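Chain lettering (A, B, C and D) follows the sequence in which the chains are written, and residue indices restart at 1 in each chain.
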């Protein structure tokens, strides 16, 4: 298999996981006909959860391609690690729905923990695939850009710690934890759009 | 990442968002066994909503490719804008279901507003991606056809205003608003199929 | 847009429509824990409907590629016709579920009619796309094989009539109609696998 | 159609079938707000079923590409066999949900049987596609690696028997059977990651 085929499968999972998120919003409305307008306003956490998760998956998709662009060939172990990574990404709609439904009730803490654990494990799998591929240039292109390679490493390493921290915050305050998840996403968006140009190493 | 990879992900979201629309029809039937035939006729707004939304997404897919065909390379900001655009498109099945369910009851106004706001924001993101790419020929191919480029600009600019108008009409009459959404779609279909040939600038 | 990109979107819709069929089986089981085994046997029409529809969509996918292989370029009208065709194919899981649920109760006739009308309209759109593309060799490759072209025409023309006949049979007997749908699918499978070799014109 | 187009459709079905698995986890939580944390821990069989099935589908995806890499061309019979194979793979989320829901109640045996029968039939279709393609080198590349070809044959032949055995075990003990399904998946993962290197014949 070439890296291109592995990307095609990954693109499919990213696209489906992101698109399925709308089912979470859908499930929140129910069948109420009276005062639908009020109901649509009341479920605003669903829209926020949808946007944060969709953009998070979108950024992971961008990052995944940044990695794949540096890769020349794939082997079975790398493909298995990729399957594990996609397994995490396809899981994201589930804790997203939990947050959307329970951000304002007694299940907020459990929902925040579930979301955080999912994202932490996802970040771990991102590191696993990357370090397996890049260690001793195992699967990298011979002309892989040294600056890009070290840039990816610098970006990926703190990922699990950042999400683990936001997860642990949920033990103290679920609201603060959910706020942190949104803030992390906003940070990634801003980093890409404002500073994206200067960090030449991560140009896609 | 090349524009081709970005198209593959976008194609996936377009295809899934369009195909998921059938779940809205599905949800309308319920489990009734007695007089299924009458039930199937009674939910005719579902079929209309399905057709209008599927064709709308299909036309957006065609337009997205018209844009991508003029683009030579992508950067992170453009990819982020594309993620935002796809986030809107994947949202379309939700207000579509609202219209299908509530076109004939008290929730018609809220449903029409939700649909209109979604389409208006989608049109805004179409403009955002296009103007970011085309401004000072930032991401365009060196051989981009000047006529095509100005043709896309002419077509995209009025989009948000058209949908905003139809949205505001919902405040007066939800029926008129929903009729306008259908009319806009029919117009785009006719424009493409009847006049498509003459507007050389938008030939795909 | 090239024919290859149009195929990528179509492949997505075919793949999703086919894969979503399993949700129909899923919905039949419910949450019963007592006597699950008996329940799983009782819903055998679901499995049959799943298989017939999956294979039908699979054969349409194969046929769609046979057409696309003869095509050199696409224009907006052809893309619109393709969107219409895909709209029909994405609709198939809905009447399939109706048949799976109601084959043995009072809704059988309505379900059989819904399935038949869907497949008849789908066959009409297959003809529309094909004749638009092939008339006066409008979009065909210059080296399109005359035998393949006339072979596709011969295969497509009777399609709507065959499905219309099976649909009308439902007015007399829904069981006979559903049996005909299954028989048509089996015929297409046999034709492809047994005689596929001799009909050189349709070799893929 | 080229083998590349057949792969694109297959990739779509693999990606969707895998991603839809999360809906099974989703369905387990329900709408409980009180003690959500306890509820999330209580449905641990869902997570296990999700992981085992996602990785199983992932490994099938890797294996499918190993086969396709040896193939030079496709004909209608091969495509039909592939449609049958994909029909099985798209079916996997259904018995997976049955196991996730019923592993701890009276439906465990029926669920284990349903899962086992599905995987057994899937393994049969894997053999069907492979032997149709490889018999007398019918569809293989002229430069197909003899070691890879015999390696695939050796790996595929025992597949149906292994799953049939685990299925029959369910008649005695559903717990043992479900444990066997998990063990088979773990074995495939270990085989690929630990010994993958030495079995040069199956290098991807």
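General remarks:
As a working rule, a residue touches a chain if its C-beta (ideal position, glycine included) is under 8 Å from a C-beta of that chain, and two chains touch if they have at least 3 such contacts.
The structure presented is a predicted model; accordingly, all values stated were derived computationally and were not measured.
Fitting chain C to chain D on C-alpha positions gives a rotation angle of 90 degrees, to the nearest 5. In the contact between chain B and chain C, the residue numbers used by both copies make up under half of all numbers at that interface. Chain A and chain B have Cα centroids lying 26 Å from one another. Work out the mean CA point of chain B and of chain D, and you get 36 Å between them.
Residue positions of chain C touching 2 or more other chains, listed in rising order: 8, 12, 16, 20, 23. Chain contact summary for the complex, chain B toward chain A: residues 1, 5, 8-9, 12-13, 16-17, 20, 23, 74-77, 79-80, 83-84, 86-87, 90-91, 93-94, 97-98, 101-102, 105-107, 109-111, 113-114. Of all residues in chain D, only 7-8, 11-12, 14-16, 18-23, 25-26, 29, 31-37, 39-40, 50-51, 54-55, 58-59, 61-62, 65-66, 69, 189, 192-193, 196-197, 202-204 touch chain A in the complex they form.
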